[in-house]
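A, B, C and D label the chains in the order they appear, each numbered from 1.
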Amino acid sequence: MLSGKEVAKHNSRDSCWIIVHGHVYDVTEFLDDHPGGSKIILKYAGKDATEEYDPIHPPDAITTNLPPEKHLGPVEPDTVERVEVEVTDEEKARLARIAARPPLSTILNLHDFEAIARQVMADKAWAYYSSAADDEITNRENHAAYHRIWFRPRVLRDVTEVDFATTILGHKSSMPIYITATALGKLGHPDGELNLTRAAGKHGVIQMIPTLASCSFDDIVDAALPGQVQFFQLYVNKDRKITKRIVQHAEKRGIKGLFITVDAPQLGRREKDMRMKFDAEDPSEVTQAGSEGVDRSQGAARAISSFIDPGLNWDDLKWFKSITTMPLILKGVQCWEDALEAYDRGLAGVVLSNHGGRQLDFARSGIEVLVEVVDKLKEKRGLTFPHEKFQLFCDGGVRRATDVLKAIALGATAVGIGRPFLYAYSAYGPEGMDRALEILHSEFEMNMRLLGAPTIKHVVPSMVDTSNIHTHIVAVPTDKLYDLNYESLQHAMLKEVKSKL
Amino acid sequence: MLSGKEVAKHNSRDSCWIIVHGHVYDVTEFLDDHPGGSKIILKYAGKDATEEYDPIHPPDAITTNLPPEKHLGPVEPDTVERVEVEVTDEEKARLARIAARPPLSTILNLHDFEAIARQVMADKAWAYYSSAADDEITNRENHAAYHRIWFRPRVLRDVTEVDFATTILGHKSSMPIYITATALGKLGHPDGELNLTRAAGKHGVIQMIPTLASCSFDDIVDAALPGQVQFFQLYVNKDRKITKRIVQHAEKRGIKGLFITVDAPQLGRREKDMRMKFDAEDPSEVTQAGSEGVDRSQGAARAISSFIDPGLNWDDLKWFKSITTMPLILKGVQCWEDALEAYDRGLAGVVLSNHGGRQLDFARSGIEVLVEVVDKLKEKRGLTFPHEKFQLFCDGGVRRATDVLKAIALGATAVGIGRPFLYAYSAYGPEGMDRALEILHSEFEMNMRLLGAPTIKHVVPSMVDTSNIHTHIVAVPTDKLYDLNYESLQHAMLKEVKSKL
Amino acid sequence: MLSGKEVAKHNSRDSCWIIVHGHVYDVTEFLDDHPGGSKIILKYAGKDATEEYDPIHPPDAITTNLPPEKHLGPVEPDTVERVEVEVTDEEKARLARIAARPPLSTILNLHDFEAIARQVMADKAWAYYSSAADDEITNRENHAAYHRIWFRPRVLRDVTEVDFATTILGHKSSMPIYITATALGKLGHPDGELNLTRAAGKHGVIQMIPTLASCSFDDIVDAALPGQVQFFQLYVNKDRKITKRIVQHAEKRGIKGLFITVDAPQLGRREKDMRMKFDAEDPSEVTQAGSEGVDRSQGAARAISSFIDPGLNWDDLKWFKSITTMPLILKGVQCWEDALEAYDRGLAGVVLSNHGGRQLDFARSGIEVLVEVVDKLKEKRGLTFPHEKFQLFCDGGVRRATDVLKAIALGATAVGIGRPFLYAYSAYGPEGMDRALEILHSEFEMNMRLLGAPTIKHVVPSMVDTSNIHTHIVAVPTDKLYDLNYESLQHAMLKEVKSKL
Amino acid sequence: MLSGKEVAKHNSRDSCWIIVHGHVYDVTEFLDDHPGGSKIILKYAGKDATEEYDPIHPPDAITTNLPPEKHLGPVEPDTVERVEVEVTDEEKARLARIAARPPLSTILNLHDFEAIARQVMADKAWAYYSSAADDEITNRENHAAYHRIWFRPRVLRDVTEVDFATTILGHKSSMPIYITATALGKLGHPDGELNLTRAAGKHGVIQMIPTLASCSFDDIVDAALPGQVQFFQLYVNKDRKITKRIVQHAEKRGIKGLFITVDAPQLGRREKDMRMKFDAEDPSEVTQAGSEGVDRSQGAARAISSFIDPGLNWDDLKWFKSITTMPLILKGVQCWEDALEAYDRGLAGVVLSNHGGRQLDFARSGIEVLVEVVDKLKEKRGLTFPHEKFQLFCDGGVRRATDVLKAIALGATAVGIGRPFLYAYSAYGPEGMDRALEILHSEFEMNMRLLGAPTIKHVVPSMVDTSNIHTHIVAVPTDKLYDLNYESLQHAMLKEVKSKL
């Protein structure tokens, strides 16, 4: 066992050792390949880097990226010097904002969590969670598309009792939603994805475990209550042996559905996130790096995802069926043609999704694609939805139970929610997750009553008007000169005293 | 008879008596159940709470919520100590704004009342009147929808005399509008709903009396002029005996139409109103309450409406016919299917309404639903509108006589106006109501002339273009980077001297 | 002949004489009927009021409103005391702005005149010219509608010479526009409408003389060059004898077309203008007046227009034909049905107009109605446009030659322009008018070249795409909470130094 | 050879000599004809004006505009006095901004170049590059139109390798773009168009050389690598002999395609640019000039373009075929009718373009016209695109590789990019161009993967939804009074401490 003192000697570019989770690693040769730059590693050269490492790497990132001979073994815990982290003024201001969070009971909706999270999260964490591809058009369209769907509620139906429980792939869910997979959960809270697992168990909803979790898969499964259903989201590795091991391990641990991500042959460029990386670096080094071809600007997520296989294709699906009996669902289908293909190949369903707007900008929203898929699968195969054997899901942009109910009315089995839950626990920890699910519960109850729907089965297509769902308009550019000249109308004004407005 | 001195002893959480309208009540056990929190009651423990109680409770709220044994009987008036109300700086600023109201003759339209009311009303009152459900999309859509309807005026018609009187359910109205039911009228002015009654009588329009008035039903009826027509809006009680008593009393008092609210099996979440409640409370208490399950965040209206029966359904309508001969109208119908059902069941009409946007967000506007209902009832039953036997009404979002004329052209018998009248009397008392009705009168005269319509019968469908009424579009999210880079055109500039703009 | 000294004695509410254009009038009994209030008259009691009177009254306003016995005859010029006008700080600032006008050569388009006029005109004058009905929706729509029409230009046509001269009612015009009738021209410049007459003569365009000119009809006709064509806009008087006299006088003076206004049975409420009146008055007096029933809030234009006959109708047209041989055109037609009626009754044309948005709000733009009229008159009567015997005009919202060319392509014979010319001479006097017409000339030349149209006849329907002309959309109300939470993308930033942006 | 001393004597309006590129010119008589005004020339009277002259004139401007007798021959270099340029405060601030440019590696997209260029370019240069016609509606529409096209990506296709190379007129291009012709390249950087030539060579894309380059044609051709393909953009001269010489010289120098500009019979009015000219002049002189008829307000580009023949027409195309064997492409076609004509006349293709919004405002975007052209040429001639024999190009508004991919999917062979490259080298010189092309390269790779398209041929029409491409909407004018009254929702707020937002 190595001593902290010994490790502390290797504190330079020439010999750089770091400690992560009690083990020592020689990263000297890895310095220039580190996606986050060498500077951040050198800061911890000879020291314990666990606290910095944890939130932005999956647990096994270091072991899989470093060759075994660089794994130098455990360190004697008591001998390790603590790293003094200097608290910047910005960090102090952030801590003050954390202390000033309003009471949780004043959080009235999912937007509120986001407003608080944006102020209390570290900038990098906020940037990673909130960022999306290119001009973030699709990211915002995901939410906006719901606003093109309007309700046609029914009256005079007995809604004394309303029941919004449903089943997803045959498993009970207390609401027609599930917690979708999102990466790097520890960025927002030290317990990371476990916050989601625990809340899911408590409130009877299903969590989809991400491949790029910052907690280990087994820890997440272990945190589930007895009988708690979990799904698994899979990025397929170029090395199918690894994928096979992961899938079969998941099945063995009781995972009830395998959601294979198909919209990310390469992880997207997210410029907000990329700009954040630069801020964290020594600018001169970044500039050089840029010209040397080691492009650090792509961000951690991009780097840790280099294993994803862009060669994955329809022919691979047979192989998946040969290695697992879990239901297979494609996550990231974006047109009816591919949904039809998935159906014809006997899959259990598709998630109509654009990856939260983080992949291809100008991809359409899941809710819009849902309308197209339902229409065409009825036309081509006579299917009606929701359908037990081939289930449709969508995700992206949800902020209100009414959003979910629109998707349900249109034929979705359930809707995935991601960022709002990250914001909930990033802002308020596990209580935030509780509150978030309570709010949704309360909104479902209220809005199903107001829709005139005592159960989920009563939420039907005729309850929504989707005639504008496919309308993607941009107004004619404004006439700046005309608008500058136009003098706005004013209403009656108070005399003299200061207006309140 | 109790003395004020005796009452004053019960001024703590252990024994808490209050005086309301000269009667003493023991509210000790009720403290924790009070929807507005215990704090506000304890402020008046042992004292006269009438002034605080009045505007935010229907007159019988305390008697119906407290068991009879807690009604301790009258107090000797002269012995009651006056509560010194501390005038806060905010309240002083508000009083200064009241003093600075512009002369009533400078109020040119209904918007002006709202602008003044917003500044001179107490914050809580403004929040209660102005708030709406969830993201207030429907609330604003109610107004916006009128802007998608354009006129096709006719020229060269003799409009020397224009007459916009009409009949509603067989009763004369000087204009094609009525004053619709709204709750808690005293929040804006001490005379509450009586302001509406008196103005209605004077100007020959019909008032719909609300179940949740802050004046008593009988006071409102008593305030009517001889022959003045009134309607009644009904929330149906879980206890039908109470409803029967109310309905039959209304009929006995001469009410000419019963408008049964069907869009509120549960009263909506109105977050502006809810945030206001928190401000009024001790935050720590609110937090605790939140976790104790007594949810004070729902606001007074929600609490006082817990009697409303979410089980009300079509089968109940027979019973209504058995207990009253008043014409029955459903208030809150939102699609043609339910309007057709109402017609087939022999009702006298429907109000196409979404409750001022205060119930289901993304419900469509009444004016939009009107177009659908007129089309479908013609197609399915051969009806044309306006129709004597089955009358269509709508409400929500009206600010101009032109809004009303659009609805009339499309087949409505009359249009309900709510908030603008509340703002009129909240800003200027009874004279405000007079002015509001004069303004509408003047706008009707002007605009019927300009439409080429000498009477209401001449206001016909071909006078409006509704081709975009069902268009619910949201522009593609803006390209922030492009827009940031675009340098706006500038027109010619003055040399050196300060621009006036 | 009265002496100034004698007049000066009558300087009170009890006996109030004023001098206008060298004549004395006893207005004592008229004080309370003056639409602009008594205060402004009393300021000039016993004095010469000409300078104040001139810009806001037609020349004969005082003689027609006062009974003959109140016309006290001429005053000896030299004996009249000059009124000292106190120059307010606001007026000083305005004079400074006038001095700071940029050189006329920097005025590049019609918008520029408006920008300067808004700053150098008196507030009242600006308010009168710029104001429109109700919420000014139609006023702005008039301009916006042109932005829904896009060009389909042709290339590789010889456009060495482009000729945009045309004929209007058989009379030559150097451009396909005319100067439309607008009231109270002296508000912007002491020469009033004569600025228009002179520029029209110089640049070969036709002026339409307004009934409510502030110069006298004869002065305007006298100012024309030999052979200069003028039209006349007519408000029809309740007293047809007066109208007959006016029309026959116009014909005698050589007017070539009679444009009968049909969209103003009552002059519109223009709230910007109305608010301005209040500012000019003693507020307490205004309040009283409001309650006394003499409604001063309606503005001068409304008052001076009380003679207009709201009873005018189609049957009156025969009578017009009996009193004049001038071509008759209806100004203010707003749907195809009325255009067809005008055609069937043998009129010479119609102006598709909503009176600059000053009458019925939510009336459609002239350019939009043009599309409908052309379609329907082709369908119903086989007409194609432009048509020699039945000419279509439109006005409202024009700021660029491209706007005009769109109307021409769609079948209009010519387009009326009003406010931009008022702003041109209000900002720069007669040189402003010259520059305005030169700018249009230059824009016509440029844009016809770019359209590939060597003459007006080559400007044809296939050169415009009008598929969205009838689209009146309002976006779904914004999601305020979502938008507040969205963090805008930022582009690359300069390091440290102050950004120029 | 003249001495600098001799030249220096001719330093007044009476005798004004200047030195440009080592030659002396007598411009005394030219002073008043100079489009940029005499003042700027007089500043250099008797001195070397090369530095001022270079960026805003094509190299041969002075020799072609001055008669030969005014060419006074070379000057002895060492005898010329250097002109001391006074550095203004504004210029100092600009130089500080240049020094503060962020490192090139932080430039993430083409927008970023524009943001930096706007701050570091001279105001005149920015105005010239960025300005567009009239209200710049078309200029912005060019970009906005791409936002009305959405993707329908395919999943589960092997995109391990993606190849976006293509051929343009038979010549290889590493990406489906080309560098389109833009004038006055030295305004942004002393090397002018050579920056484009060099980057094009290095990155394997094709440059279209402009007629109005500020480097000479031969210099640009000489700067090409062996085998590097270049196209030439042609403004046709009224004097066809000159055009013939230019065209045949181009062919001789190896130009592979002749793009004849057909959308500019007259160069457009660009008001931003025009306002900039005034700022640079003595205002009084400009005013006078304005009234003298020498209109200096039109800007340099307009002036140097007076040779362009507005008489160019379809019949001229035969002549072009007679003088060159280069493929002929029309640049600036804007409707299907003209594209069809070009096809029928045997041309090699058309560029669907509106000249970057710098010519006819309200011309539609190239991408919109592309949809129309593809539809109609299929209907009329059975063509499908991309088509080897008749190639379609478009340009204008491109900022992202996704924009280009939309055009490719719709049938374009390649897309022209102009301003973004000017901004790239204006901000960062040749490295800027490298970075710009690298960014595009990276975006193409990413987005073709995400589209599921391994090669350009896989980018097909069904991958885009263009249903709204022809929608040109303008929202109904806003209801100012309603909006002023509406109180925005607020989300949960931090207690007391300063919000970060």
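By our rule, a residue touches a chain if its C-beta (ideal position, glycine included) is under 8 Å from a C-beta of that chain, and two chains touch if they have at least 3 such contacts.
Chain identities (UniProt): A, B, C, D = L-lactate dehydrogenase (cytochrome).
Keep in mind that what you see is a predicted model, and the values were worked out from it rather than measured.
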**Message:** Give me the set of chains touching chain C intersected with the set touching chain D.
**Reply:** A, B
**Request:** Pick same or different for copies chain A and chain D, depending on whether their interface residues overlap by over half.
**Result:** different
**Asked** So how far apart, in whole Å, are chain A and chain B when each is placed at the average of its C-alpha atoms?
**Response** 42
**Centre distance in Å when chain A and chain C are each reduced to the mean of their C-alpha atoms** = 59
**Residues of chain C whose C-beta touches two or more other chains** = 102, 106, 108-109, 111-112, 114-115, 118, 135-137, 140, 144, 147-148, 271, 275, 283, 471-476, 479-482, 484-485, 489-491, 495, 501
**Item:** Residue ranges of chain A in contact with chain B within the complex
**Value:** 102-106, 108-109, 135-137, 139-141, 144-145, 147-160, 400, 402, 406, 442-443, 445-447, 449-451, 462, 465, 467-468, 471-475, 480-481, 484-485, 491-501
**chain D - residues contacting chain C, complex** = 93-94, 96-97, 99-102, 106-109, 111-112, 114-116, 118-119, 134-135, 137, 262-263, 265-266, 268-269, 271, 274-275, 278, 283-284, 286-287, 289-291, 297, 309-314, 316-317, 330, 332-335, 337-338, 341, 359-364, 470-477, 479-482, 488-491, 501
**Request:** Could you pull out which chain D residues touch chain B in their complex?
**Result:** 109, 111-112, 114-115, 118, 130, 135-136, 140, 143-144, 147-148, 271-272, 275, 283, 399, 476, 479, 481-482, 484-487, 489-490, 495
